[in-house]
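Think of it as A, B, C and D in the order they're written, each chain with its own count starting at 1.
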Amino acid sequence: MPTKMKAAIFVEPGRIVLDEKPIPDVGPLDALVRITTTTICGTDVHILKGEYPVAKGLTIGHEPVGMIEKLGSAVEGYREGQRVIAGAICTSGHSNAALCGCHAQDGPGTRHGFKPVGGWKFGNTIDGTQAEFVLVPDAMANLSPVPDALTDEQVLMCPDILSTGFSGAESGKVRIGDTVAVFAQGPIGLCATAGAKLMGASTIIAVESVSVRQEMARAMGADHVVDFTKTDPAAEIMRLTDGRGVDVAIEALGLQATFEAGLRVLRPGGTLSSLGVYSSDLKIPLDAFLAGLGDHTIVTTLCPGGKERMRRLMAVISSGRVDTRHLVTHRYKLDQIEDAYDLFANQRDGVLKVAITP
Amino acid sequence: MPTKMKAAIFVEPGRIVLDEKPIPDVGPLDALVRITTTTICGTDVHILKGEYPVAKGLTIGHEPVGMIEKLGSAVEGYREGQRVIAGAICTSGHSNAALCGCHAQDGPGTRHGFKPVGGWKFGNTIDGTQAEFVLVPDAMANLSPVPDALTDEQVLMCPDILSTGFSGAESGKVRIGDTVAVFAQGPIGLCATAGAKLMGASTIIAVESVSVRQEMARAMGADHVVDFTKTDPAAEIMRLTDGRGVDVAIEALGLQATFEAGLRVLRPGGTLSSLGVYSSDLKIPLDAFLAGLGDHTIVTTLCPGGKERMRRLMAVISSGRVDTRHLVTHRYKLDQIEDAYDLFANQRDGVLKVAITP
Amino acid sequence: MPTKMKAAIFVEPGRIVLDEKPIPDVGPLDALVRITTTTICGTDVHILKGEYPVAKGLTIGHEPVGMIEKLGSAVEGYREGQRVIAGAICTSGHSNAALCGCHAQDGPGTRHGFKPVGGWKFGNTIDGTQAEFVLVPDAMANLSPVPDALTDEQVLMCPDILSTGFSGAESGKVRIGDTVAVFAQGPIGLCATAGAKLMGASTIIAVESVSVRQEMARAMGADHVVDFTKTDPAAEIMRLTDGRGVDVAIEALGLQATFEAGLRVLRPGGTLSSLGVYSSDLKIPLDAFLAGLGDHTIVTTLCPGGKERMRRLMAVISSGRVDTRHLVTHRYKLDQIEDAYDLFANQRDGVLKVAITP
Amino acid sequence: MPTKMKAAIFVEPGRIVLDEKPIPDVGPLDALVRITTTTICGTDVHILKGEYPVAKGLTIGHEPVGMIEKLGSAVEGYREGQRVIAGAICTSGHSNAALCGCHAQDGPGTRHGFKPVGGWKFGNTIDGTQAEFVLVPDAMANLSPVPDALTDEQVLMCPDILSTGFSGAESGKVRIGDTVAVFAQGPIGLCATAGAKLMGASTIIAVESVSVRQEMARAMGADHVVDFTKTDPAAEIMRLTDGRGVDVAIEALGLQATFEAGLRVLRPGGTLSSLGVYSSDLKIPLDAFLAGLGDHTIVTTLCPGGKERMRRLMAVISSGRVDTRHLVTHRYKLDQIEDAYDLFANQRDGVLKVAITP
């Protein structure tokens, strides 16, 4: 076996480059996975731009599809050569947070319990997936075998986009017959639209201005598409709902404008489910918040992970109820990843997601 | 029967006066209740000061204890002379909001469903309880008979303070073994503290600077009291929890400072349960919100009403598990209500709540 | 206006006949509805056979579609001539049970609170819908306007079958990615299958032996159909799930065999959601129940009612996500209702539901 | 370090004897704990009597309090010498069941997901705690440090009795103001009573005939005690609730009589929360079940485990809200454990729980 591998490495703000790194050693609870397909996420672009700080020299990426190359000495229940995915968020399974079901907020298993570290490790606190190999910690909690009938691209969105998008609807507690607004139809917003439909929303209003994304929103389940460049989206949503407002608003962008519009269209008793990663303080306007008297809920969700989550998402894909293949608009070899970043960071050529194959 | 009654009437900002009014006619679904005890709420002071607008000539007050004087022609299941309370929030029982269990957001039973009106009617959209009589709408949904063994003062807090305070813990979904912080120990904060204890919190941290309220907080269940005039409350709460933060923070004041501190002390995955009535826009600091990645929930609750809620609260009082009698620090006749407003609005003499008896 | 109307009346076990009755007086909270379409339910057949006792002379039927003929004096928010439906279960909105959200268990609004009466009134405790007119109690809580774009037959299943069927999935708390088994694919089972799909189940296994119902099960969302006359359904479901069992089993028949099989296929931690009306004691086998150690839930649900529920169900129909028109296999005039009972009670000619039009 | 230890070993039905065994080797994820206090459970008596089968030669017992003697090579976050407890139910943290929050149904981490094995391992599928040492699997998920201020006997009930008893109230979803009946006041029933009080029940009715347990029931929070040898408990509970029935019934014995009475006293919409380990088929009487029309829930719960659960239970003990010390009525050295079994199995001398100290 070789001892070196190629990896996309953060050098400094503005520079992620493909370089060589040693293939890591495998600890007792780890698994080394040979990446067959991975992708680039909007968060990686934040890292590239220096907006989200990570250590210099870190391998980027958090969406692995691959084969088990080597299992740690204490790992049971898997075999080398098995095809697997792992969630973007790794849970230890044994931290206090994980034992409460809050896997995305997984921290060290100390007596202090919860620590605001979070379970996002790949490409954040440990080396990530845009490489020939990735070391998956707590393999028994995170590795989920891929059904033979599914291709890499069919499951590529499960580790992050699909899990996050669905969680927007799940945390919003969408019920049969709900009216749901989804702000922004990028990859996560599109998956949130699919999630709202999957949970029984009877009316889904997507807010988006890019025509290819508007079309895809309809394909994923949107009944109405509101173009915020042509009309005030909050006013239009109130009109579409006969002044009733929505039961659930899902924020899938991370801006003040979408957060605030989500609040404005909520019916009393409704829920604003926020998926965005914000980069500045937020304002809650007094009137949109009904002065705190509206029985409103605002809930944020970090991508749910763990192998059981991955198993369930792949079951949805297997069932044909949701298909995310059309989200992959471009394909690159790992060797070309710098080109892929260039395309993706600049949102050129109608790109939604790129598939990267080592 | 007389045709006129005394009532505390909003004249203009700065003036609530006792005056005469006709005793109202009783519609088919109404009940006329002879008030035996009522009280003044902080919200009434907002009205007095002109900070919360109501119609000139409106009778103020929303916490009724009394006897049924007359029942509407379509009201069944009650008898005249029966001793009753009604929640500060009146539900129709039949609006779309009510049928969803969102009684506090009750609106007219139209096809449009939810309207942002809210169920707070007494002393807001209809004549209130600081009078000799009050007309209770939708009597069958709102009137709850008072057990003989309970005095007026024992049940006086049920219509608003106790229902609202408990809802802070309920909407926060306090679980056995939780650590809870309650910001401000006025009447509502004290009842929130009692509610958190009642739901099984193992550690309750109250934030309050007034010594008599600090003492009462301990009596209601607080394990620690933090004086925000002597220490930064967020820092102190993090110290008291070994850096872990709290599972649930309850905001019971309505200020940016308490709202923000509540967010700052939340563990990842925790809930900020907000009871305050705000009077300006709120800011969510990016770091306190963990950039939207903390699996946080922010929930607001308007006082739960309806006769079943009142029945349950009186069951708690009957059980002796919570005693709110010591919250009544001063007593006035209705004739002296202007003096009572003067004392209460200026928070003199250690006042917590006043009992008003016509 | 005429004073007499035709109605299908229970005379004695074995005899439901069409006869004349006075058109009822309208109380202050009532609405008189002119029936345009109604149907016959399996429960009506139990009444016909004398298996479920009702008063002699009662009008049968509990699924109304019609026009408002006359409104009670205290009813607001509707107009005569408006097209409406009401749920099979009428809620008062103001009983203690209703105020807890348990509308199907609505009882009189007395201080005693819950009484085991239930909200099923039409054709059970008051005159029902198989007539030219029906008196709807508590009209403001129960009448839901029908969108113009929907035909009578499109909304005919909302009052009972669709509400009950969906509730099987709702009470089972079906989640995205669940595996669900639905036992029996009569009208309620078919709607339960649709409900499980609507809530995001990724695998639905329907148990049914009649071929036309098997086909319809697939159309409603079933991924697998198990014929219990050809294989042991519990064993087959365990095989289909690789020994894992199902997350939720829905019982839609009311027999020991289906109840027991539902328990046997539950994964540890799973839920058996029971919709059937049973007619004898049930047995819980020790092994199927894992001796009480399996973290199992068994939940029963009576048809959810109230106008908000109806509004939501019609929103689902309007969205096109579920279509129940093909459940109507036969159509009769009210004058022919005795023939309709004969067909339906004997399950002849592949009947699923009949539409009855006065 | 010695290589042999004393342990209470199941030899054959009727015989559990103290014998010598090798001290086990410590695998990478394990911890070897030196037992300082343990106890005997009713389940152990079932094993003794041969009613619950375990392997011959197995060490019995599942309630460990002790010191960490040796940590596995992959275990982090603990130190040798640390004082700890572990739940009776061991979770791996990484099984599909565990990742769903269903820790008590933990199975091997295979692709098949849930297996009906259950997380009860100590004294069931692996050597237990009635010994000088016990090997704790998946130590990082299970070991919870004991606060210095708490004695062994203060935390001795946390691993099983307190966790199980509280879960009766938790799974029953007891709310503020609920009326709760608890059937049987043995150690688990007493802790269920404490749990119901801790969650805000306003009226708790305990069913018990033994006078010392009746007294303790009152001390733990019961408002009424019904002696089933003197009155029909279901009838008496209906009388005490004015015919309303209870919101939640907790079954804490495992017999048909208590299960059935629990159903009979439920209000429509109520929950029967079952903790008992049954030894024969159960019958659900048609009338008690309201023919399946009562919106009833029956839920069973196996003792919740994992270190976060233990941390929370010890927080409750530390707060002084619940005190289980008086449940320890007798104390024995490990050398005398055969005498302890004799006393406990025969329920002599008012025994509730025995403390065993090696």
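To be clear about the criterion, a residue touches a chain if its C-beta (ideal position, glycine included) is under 8 Å from a C-beta of that chain, and two chains touch if they have at least 3 such contacts.
Model, not experiment: these values are computed from the prediction.
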Other chains in touch with both subunit A and subunit D: B, C
Chain labels contacting subunit B and also subunit C: A, D
Comparison of A-B and A-C by number of C-beta pairs in contact, larger one: A-B
Mean-CA-position distance for subunit C and subunit A (Å): 40
Residue numbers of subunit C (touch at least two other chains): 100, 113, 311
Of all residues in subunit B, those that touch subunit A in their complex: 97, 100, 102, 104-105, 112-116, 118, 120, 242-245, 254, 267-269, 274-286, 289-302
Touching residues on subunit C, where the partner in the complex is subunit A: 166, 170, 175-179, 195, 197-200, 202-203, 223, 311-313, 315-316, 318-319, 321
Contact footprint of subunit A on subunit D as seen in their complex: 27-29, 73-74, 76-77, 91-94, 96, 98-101, 103, 108-111, 113, 138, 140-141, 145, 306-309, 311
